[in-house]
Amino acid sequence: MGGWDVLLSPVILFFVLGALAAFARSDLSIPESIAKGMSLYLMASIGLKGGVQVAAAGLSVEILLAAVAGLALSFLIPVPAFLLLRRAGRLDPINAAAVAAHYGSVSVVTFVTGVETLSAAGMPPAGYMVAVMALMETPAIIIGLLLARRTSGAALPTRGGLFHETVLNGSVVLLLGSFLIGFITGKEGFAPVAPVFDTAFRGVLCLFLLDMGLIAARRLQDARALTARTAALAVLLPICNGTIGVLTGALIGLDTGSAAALGILAGSASYIAVPAVIRLTLPQADPGLYLGMSLAVTFPFNITLGIPLYTMLAERIVGS
Amino acid sequence: MTETVERRRIEVLVDAPLVKSVVRASEEAGIRGYTLLPTLGGAGAGGRWSDDQVSGAQSKVIFLTVTTEAKCDVLTDRLAPILESHGLVLFISPVDVVRAEKF
Amino acid sequence: MGGWDVLLSPVILFFVLGALAAFARSDLSIPESIAKGMSLYLMASIGLKGGVQVAAAGLSVEILLAAVAGLALSFLIPVPAFLLLRRAGRLDPINAAAVAAHYGSVSVVTFVTGVETLSAAGMPPAGYMVAVMALMETPAIIIGLLLARRTSGAALPTRGGLFHETVLNGSVVLLLGSFLIGFITGKEGFAPVAPVFDTAFRGVLCLFLLDMGLIAARRLQDARALTARTAALAVLLPICNGTIGVLTGALIGLDTGSAAALGILAGSASYIAVPAVIRLTLPQADPGLYLGMSLAVTFPFNITLGIPLYTMLAERIVGS
Amino acid sequence: MTETVERRRIEVLVDAPLVKSVVRASEEAGIRGYTLLPTLGGAGAGGRWSDDQVSGAQSKVIFLTVTTEAKCDVLTDRLAPILESHGLVLFISPVDVVRAEKF
Amino acid sequence: MTETVERRRIEVLVDAPLVKSVVRASEEAGIRGYTLLPTLGGAGAGGRWSDDQVSGAQSKVIFLTVTTEAKCDVLTDRLAPILESHGLVLFISPVDVVRAEKF
Amino acid sequence: MGGWDVLLSPVILFFVLGALAAFARSDLSIPESIAKGMSLYLMASIGLKGGVQVAAAGLSVEILLAAVAGLALSFLIPVPAFLLLRRAGRLDPINAAAVAAHYGSVSVVTFVTGVETLSAAGMPPAGYMVAVMALMETPAIIIGLLLARRTSGAALPTRGGLFHETVLNGSVVLLLGSFLIGFITGKEGFAPVAPVFDTAFRGVLCLFLLDMGLIAARRLQDARALTARTAALAVLLPICNGTIGVLTGALIGLDTGSAAALGILAGSASYIAVPAVIRLTLPQADPGLYLGMSLAVTFPFNITLGIPLYTMLAERIVGS
């Protein structure tokens, strides 16, 4: 299957169906608890499968390199993003910092969809990329808060602080936890649960992306906070970051699939873990803006155009 | 007839990630008891929203507590300056309760 | 498996279990969001599978004929139903029109259960019947509203109007959308999602019918609005409409399974799409009445007795 | 002490498919802000009900808004004639709010 | 202007398994109409709780009814002695309704 | 796989992950309706599979013996438990009776996990043990109420009374109902729904135990009602009761797996069916106490240590 044929796979078509239904203002909707349940399932699945693969392939220096690269990307990407959002986007410091944190972090669903399409195209990324993704989820938040300089912390008491909200964030814990479980049990222990966590994966992803299409398109319609400038940046940022990600992957010697996956991670923007922490730590920032950009523009862009783009780039640079 | 006394009923509409902070503010005002209620959606100056748990950052919860006028004032003073910046909505209404000592 | 043996399949037995539990006033209940999720899954599944089948069989005149027949049935059935409900049921015009709209439309779950039992009996209906079902969902509403003559629209403002509430109704969009996705991706594209949308289908249907048994029986118990007359009509109407459906199917030359399926569609009454639209457009009509008839009487009748009846009829007329 | 002003709190219990219509009626009364709350079940003249989303036609939602007495009267007048026919239930109670200009 | 009359709004926070009993107590007080609302969690003298449906014994529900002062007093008298032992919380507030005869 | 290796199976590891996440105060959580849905699924599955197995093996005297033994255990266990809780636990009569009722009854999830690990170890318990479990759910409640002597029934009116709340309890109805359906349809009828009710079972159990780990650990943290004494009793009681169960199983001649299963049933404590009924019938008893003991201490103990213990015991006594 070539790079763009993937747009005609059921997974992507269900996403498009959801978006079209929302644009046509159909009342189609998936209960929120079902959507939450499916997202937990997808995270547990991808974590388990990554762990099983690493258990089979064994630990290596490559893994360490990829982890360091992922961390570095998550720490560094917010800085140029912040400057771009301040200048080109004309955002105030608080909002620019909040948005920058989202683009430094990652979108699990974008990654999952990317892995599916890369695997279908015969270039499955290495199993450890799941762990890299989990590592990339939260560092960007810290940089974002530093960029915002003075947080609103004084106004409302927050106990426990950032550690709990970031490192112990539910999705990080589930991803790393399942990864570890997969690593411990290995292929043999995974076999009896494979019908649920492997065979059913793609079908559930279809239904989840149907919901994501609905949510993204509805948010785009309700998004008063988005201007032409910020919407354009929400397309420009993933392209730049994704390219940086692929280049970094090529530089540290990853295979084509893994380099593309690193590009997908760098190019994606968080809309689950980061918004919750930012709402808590930078409550003055506008959720309509950061969710509008990451969820309503960047996410659909990545699912439809970004993933094939980063894949093509990786094929050109690393070779296919 | 059962004796009732008047108390204040405070409702704060708050984004899910900020609930813990409101709870802490109320504890600092000496309030021990509260109940959290779910919401489905709404609209305000910030536009329309409806609950999607996927990006839970904008799910809203109602923090409901019944307390004395004094503690109510403390909590209101505590929250008033940040209502705007944190997107909170706060309502106060009179309410009668049995078991005065409890509230 | 003969026509009546089907009553002993797990699918039907779970429905009976639900109904018995509700009659015995057990507190067994399935969370509403789970039930909603399962119903969305069933619609996506049946849509996909129908589309894949049509992609394999190719488009034909037969499809066009079946579509026209389905549309005609949905448009026409409400008229005699209205007259019957006015005279024999002694309903006022508003309520008679509301109920008539329900019987002109279709019940997705009845159809799905019918397809399962027809397939198990070796007479699977043609794949395009799913599209016919989607087409039959909404025309009856328009006739129902015309029959009610003066709607209550003046009292409360309704923007967008009927188009959104009917043609863009969630279940119609999901059914037609999945059908299209199945048609586009074809058998090959369907394979990776088949474990979820095909293999798991019957098991999920069991759990869903368990819930439908609970809901239908509870509604029957709470139904103050049902009289002996309306309850009797709720059995008579499906028999008449189902017979008309099978005859129409035979007339236009459908195979046995498809003719039976058209009978099932004609004989079934909506309790998802139509009630929501009628509540909005004819708010004075009594939901206790139309849901009582369609959900508490007609649905259980069709699941247990109606489907084997229409199947037998089709076997007699078309041959088996 | 934080200054509060009195407003009206209106709650309308309404069947899910009719929510949009109530929202529109409130917009026509000049009301911009509202919140929707879920319900589980209940009973009234029309018998007992409990929420099953399968036939969502009878799921009920509470439309809650806090507004001025004037707008409250407009909305009440708008809804009063159809309360019976559309199966709506409407409650009005006094409430104190901070940020008077917002409500 | 639409005419409104004053009634009592009673809210009882009650553990899910006890809801039926509160409904029965209200029926015995002559109350026909009520609505049940869901909750998410809370805290009180008995500690913190949050809703997990797995052991539904501690899920809490709000029983809401609007009724006359007389019936309100009957229900309050009926429930007052057991508020403590059964872990119930009860609030009463004034409310205005249209269609006086209904409530 | 030896008795303790089972601790490294994905099923148990997900439970541990949930508990650790909760102890670390991560915000990981599974929507309650999803958890409820999974628990209904597990009950339907285990019921069906048990029924299918009995249909294959045929009815026998052994079944009757096991049923009588199970009933006897459920009726008798609360009595010594009550005395122990009064004396060693220093509980008042109402609370001691409430807790005793929980330990006389059973935990479905503990049983399900036990069946999984016993099957993985090559000693699957007999299919009829599911029916024995369903029988053991409620008798203990009656004894508990008798022990409490004067219930609070006078305070709040309860119509229908105990029969509905116990025998027609949702989980009892679903377990026995599915068992019957499995028995009626047999292996052949089960085949088409096996992908959902059999193949997917272990994977769903993983996700459910993840949630149970979260719930149990959170309850332990919030448990003001637990003292060192009651916590110790919550470990002592399952050990005693479990041993009694295994001995009883050996006495009536059950095979190793079934005797271990009877031990698991006797050793487990209810946290679904019984708490709801006790809250209704003994409202003065403290839910923080009985749920704290059964759900926060006994359940995790049984999942991790109890099941291997009762299994070892059965292997020693009956032979493996």
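Chains: A, B, C, D, E and F, in written order; residue numbering restarts at 1 for each.
Just so we're on the same page, a residue touches a chain if its C-beta (ideal position, glycine included) is under 8 Å from a C-beta of that chain, and two chains touch if they have at least 3 such contacts.
Note that the structure is predicted; figures quoted are calculated from it, not measured.
Student: Among all the other chains, which ones are in touch with both subunit C and subunit D?
Tutor: The common neighbours do not exist; no chain touches both.
Student: Report back the single chain whose CA centre is most distant from the CA centre of subunit C.
Tutor: B
Student: Measuring between Cα centroids, what's the chain most distant from subunit A?
Tutor: E
Student: Based only on mean CA positions, could you tell me how far subunit D sits from subunit E in angstrom?
Tutor: Centre separation, subunit D to subunit E: 19 Å.
Student: Counting in whole Å, what is the centre-to-centre distance of subunit C and subunit E, each centre being its mean C-alpha position?
Tutor: 39
Student: Measuring from the mean C-alpha position of subunit E to the mean C-alpha position of subunit F, what distance in angstrom results?
Tutor: Centre-to-centre distance between subunit E and subunit F: 34 Å.
Student: Which residues of subunit D are in contact with two or more other chains?
Tutor: Within subunit D, residues 37-38, 53, 93-94 contact more than one other chain.
Student: Enumerate the residues of subunit F that touch no fewer than two other chains.
Tutor: Counting only residues that touch two or more other chains, subunit F contributes 31-34, 36, 195, 200, 276.
Student: If we use the touch criterion from the header, which chain pairs count as touching?
Tutor: Here the touching pairs of chains are A-B, A-C, A-F, B-D, B-E, C-D, C-F, D-E, E-F.
Student: Would you mind writing out the residues of subunit B in touch with subunit A in their complex?
Tutor: Residue list for subunit B touching subunit A: 15-18, 20-22, 24-25, 28, 46-58, 81-82, 85-87.
Student: Quick one: which bits of subunit A touch subunit B in the complex? Just the residue numbers, please.
Tutor: 32-33, 35-36, 39, 152, 155-159, 211-212, 215, 218, 222-225, 271-272, 275-280, 283-284, 286-288, 291, 295
Student: Sort out for me which residues of subunit E touch subunit B in the complex.
Tutor: Where subunit E meets subunit B, its residues are 13, 37-45, 60, 62, 73, 76-77, 80, 83-84, 89-94.
Student: For subunit A, which residues count as touching subunit F in their complex?
Tutor: By the definition above, subunit A touches subunit F via 31-34, 36-37, 40-41, 44, 48, 160, 164-165, 168-171, 173-174, 177-178, 180-181, 184-185, 189-190, 192-197, 200, 276.
Student: Residue numbers of subunit A touching subunit C in their complex, please.
Tutor: Residues of subunit A touching subunit C: 8-11, 13-14, 17, 20-21, 24-34, 120, 195, 199-200, 202-204, 206-207, 210.
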